[in-house]
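In what follows, chain A forms one complex with chain B and a second complex with chain C.
And then the complex of A and B:
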């Protein structure tokens, strides 16, 4: 036991400490959630297995006609694509010192615009899909740039302006949907055309129906693009400098206002892409006056991934498993599916204890070294 | 043994990559002023932070009033009547002085027998009495944000007295004070000693130790060098021990050799955010090979002149000409490229990005140019080799070399990094604002040598300093600023420090 504790400490103090902190956070979350499920009288192992089964990572006992494990997996990827993009949106702002909590609003406005202009048009598949992506980029980017502009020009804090914009966007799009685009049966917006949708539905793979998300490709590519920009480019270097010390960035000659606007625009572009992959991909309709919880979950994902783009790929897989697998888990062990959000919350709590964990590990190791030195004497 | 109030035995404390204290033992007598002398990063503050319970030692024991103690937090230390005035004050800006002093141990009364409340009127009276008793005059109802630094320091001292501290630790108390305020503080410390308090003074200024301290422990790179009786030790002896080698107090200055005019500031006026004229109609020029020093009491517009020349602040009127080219409207980067280097006053706030590595900070002037980046892509090979070159050349010491996060470096080494980065540009004009403030002798000596070297290379140098000695030592020409105006500009050898001092107080015809 003692030996093991020290292995853990070494992992948490070593070169890949931040990775191990996240792994430990996930394990602790599973432990906590397991105890909770036990207290409810449920078998946690069955619950965890059914989360994975719900996401197509383990086979279910039986499947409905035409569907299989691959269909569940494709559903999972459909959910994960906007989640990853949204968390990247948060990371880009965060690195430049901006707290973009308007991701949900930026997703909604771009998803709405794309639905209205392309989703309801009769364009054929290729131009329609390209235009949906372009609209996502443009609308999201402009909304983000507006927030950056308000901050630079009028010194309005981005948290305030993004919260306000969330409401404005939610009610404005809700008004238009209810008055012009509502489906009288479902009370949501009319569904967008299959041609415009970034998810290919009813694709037969290995004999089962799958929904192939184009968004997951975009998302993974964007993760590497973001990584490249922050690790390797002058632009990313300047964004980080602005994020950590605005005064010093100005002193070295960076045009700070310009960088604030650009970083918010970039964050908005990613949120816009998340929006179109969510509203014209994962779903094909918009619930009026409702912001998706994903806009906020993405913050947990970004923090669990240690604000690193590659880390957030793994983090979004984990959070998506809980969110997407919740339905099947709920039906299997009869626990309300809202437990998924609870687990995400616990995960965030542990993930944010990372610095503390690293510090403790460092102390344990230091004490060992002292003891060894003492023994040598 | 029980004549010692504090004993620290064989204390060792490590931080990642560095041993801050290595087997240090000191014993402090009751009622003495005990000084800890050492360069930045020598481990003085760390040692005292352990006595104040902010860190726990990795090894060794602390004995207070004859009893071994283990402090887990500064509350434990406070319970043993230990108090500390930190270098950076820990006060709530929008609370009054009295509120700050009682914060955490308010005298709570019960209204109607159950509603807890604090009788501020009584507290104010109590603070007033306390402040008069120790000659630490403050107005208890003033808000911290409205009072100057010297008063804030008094509040910190009162906080300790209110908490009945018997052992008082002062961490670099004079770094933020003007010469007159320093005199006053030393008198207060003397008064505390007469009152039977034990004072521990962390400093790197030997003159202060000479004036006030009884004994002095000298630390060098975490190790205890010696403990001296201040009365019998010489200044030179202490300086040598502190730096670990012979110190040269008077840098050799070669005869001046002026060239063409580099910087021409003509009728410059600068307004601050409140539209108040902080610099009024200032004109001066600096030639190649000339050190032009602006002397003045803090807050008279000197830093704004530097900011305006570097482009950090806009000129409301007037022109700034660099090497014959009007740069008044140019951006910060355009000016830097045209040939201005700038060592700013606020090194941690402006000069570096604290959470970047040393390597990234050293590249801040070059990263956007070849060979540091090509077509917007950074070239880290160049970052690394350049950092290693500067670390070697300017003796920048840190725990993990170029990969060190700048926040974890000592203030002196942060400043060496900034000075190195800026000087290495070898621009025609270099602006130094308070280049050696708060630094130890070794670092000051090194920076002064660098300034003189650049002057001899033919750079025009604008030196802004609050240290009169520094100005008298280095300047070729001195301009004295008072209330935003240059009162007098003259060659340095025509003025004595007495003359400069009088102009600094606003006396026009000395």
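And then the complex of A and C:
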């Protein structure tokens, strides 16, 4: 037992400590969720398997006509694309020491603008899709820049201003949708044209209907772009410097205010992209006065991925499995599907203890070293 | 016009008690974005108890309200231990911990509500129906024109909150504990040197913050919403935080700010009715408190003086 604990400690203190912390967080979450399911009298193994089946990672017992494992997998990728983009948005802000809590609002405003201007127009496929992406980038970026400006110019904490903006955007778009763009049957906004949608629906692959999300391509490319910016460019280095020690950055000649605004704008751009891939891809309608839970889920993705762009690709796969597989799991083992959010919450809880885990591991190892030295004497 | 004051006060009071919760936590040096989660979880425990009691004591019993309020405070306090554990013991990032606590509260309460509903009455709904508490009018003063509305159709919890506000104002500014608490947020090393226990004080502050937020939450559940459902997470916790910042972390100033928010909300709503606009326009008026917050923050944020040590984990070895 003692030996085992120390292997764990060495893993948590070694070179790949951050990866192991995330792995440990996932394992602990599965353990906790398993115990919870057991307490409710359900078989956790069946539940976990049906999470994977719902996402097309394992074959289901039977499929409806024209659908198959691939269609589930494509649905899953369709959901994962905005999730990954949103988590990248959080990471960019976080590296510069800013908490962008308003991702959901930035997603909504860019999705709404793109829907109204392009989604309801009669443009042909290629220009429509390009314009949707451009609008997402512009609107998201401007909203983000506004937050950065308020922070730099008026000293308004970004957490407060983003939350206020969230509600303002939610009510404002809700007002316009309810008055001008509402579909009387569904009480949501009218669906946008298939030409503008960033997900190609009803594509036949290997004999089954699939949804082909363009967003996932954008998302993975952006992950590498963000990695490149932070690892290889001066701009990225300055952002990190501002995030770690604002005063020191200022002393070495970084224009802090400018960098704060730019990093929020960049974060907003990514959130805007997430918005258009969500509202004009995953769904193609907007529910008025509702902010998507993805805005907060993306924070757990970013934390679990140790706020590294590549790590967040894996983390968004894990979190998306829980969210996307919840429906099928709920129907298989008869547990309310809210459990998916609960599992995400628990995951976030363990992930946020990461620093403490590392600290503990370091202490255990240090104590061993001290003891050995004492024995030598 | 009197209705503006009546509704304004009944919105401002729960907001104020939550803001005071936030002030306690932040003054002790723990940044608290978790108010939203605390109030929701407190309201959940309170209304769970209320639903169980209503079965035995009858639907209309008003005693249930007071018992529910007490349990909401306890529930909020217990849930706040999670935030305290993460921030104080585990030294996690306090902003992230706040967000974590909020997300977990939303997920946990909506899951447990549907679980409890299946156990208690066999339905899958995610709501506890509570009803609205009775109101009363103070006889003489309520006849004063305009301002008399403040004393008309009052909820009983408004009186309780006023008493609590005075008590917690006294605790913060006139007692030894309160002074220690404020010192923990400015210079924890000094408190440590003077023989105080920084961690214990912060724990107490965060738990108080949870209990007060829980009371605020159950008051919203009993007045504005008339039920407990995930719609209790309307962002009022964040509004309370905004009120605190705008009130410059002082209890008196925050009370005034909360009143302004309350009047803006009810005034906007009455204006909408007065102008004869269709109900779909009410969304624009519901936006008012948030827009007002933004504008006011622009003018007042520069001079703010937040507690110096808020947001930092307490490190004994640091100088």
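Everything that follows uses one rule, which is that the second predicted complex is superposed on the first by the 356 of 377 C-alpha atoms of A that agree within 3 Å, B and C clash if a C-alpha of one lies under 4 Å from a C-alpha of the other, contacts with A are read in each partner's own complex, and residues count from 1 in each chain.
Following the convention adopted for this analysis, contacts are C-beta pairs under 8 Å (C-beta built on N, C-alpha and C of every residue); 3 or more make two chains touch, one makes a residue touch a chain.
Model, not experiment: these values are computed from the prediction.
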First, second, both or neither for A:342, with chain B first and chain C second: second
First (chain B), second (chain C), both or neither touched by A:251: first
First, second, both or neither for A:370, with chain B first and chain C second: first
First, second, both or neither for A:356, with chain B first and chain C second: second
Residue contacts with chain A in the superposition, chain B compared against chain C: C
Touched partner set for A:166, first chain B, second chain C, both or neither: second
Chain B versus chain C as contact partner of A:303, first or second or both or neither: second
Partner chain(s) touched by A:154 [first = chain B, second = chain C, both, neither]: second
Residues of chain A defined as touching chain B within the complex: 232-235, 237-238, 240-241, 244-245, 247-255, 362, 366-367, 370
In the complex, chain B residues that touch chain A: 14, 16, 58-59, 310, 312, 331-333, 336, 342, 344, 346, 349-356, 360, 364-365, 367-368, 373, 376-378
Contact set on chain C toward chain A in their complex: 33, 86, 89-93, 95-97, 99-100, 102-104, 106-108, 110-111, 114-115, 124, 126, 235, 238, 241-242, 245, 280-281, 283-284, 286-287, 290-291, 293-294, 297-298, 301-302, 304
Footprint of chain C on chain A - complex, ascending: 99, 101, 150, 154-157, 159-161, 163-168, 171-172, 174-175, 178-179, 289, 296-297, 299-300, 303, 336, 338-339, 341-342, 344-346, 348-349, 352-353, 355-356, 359
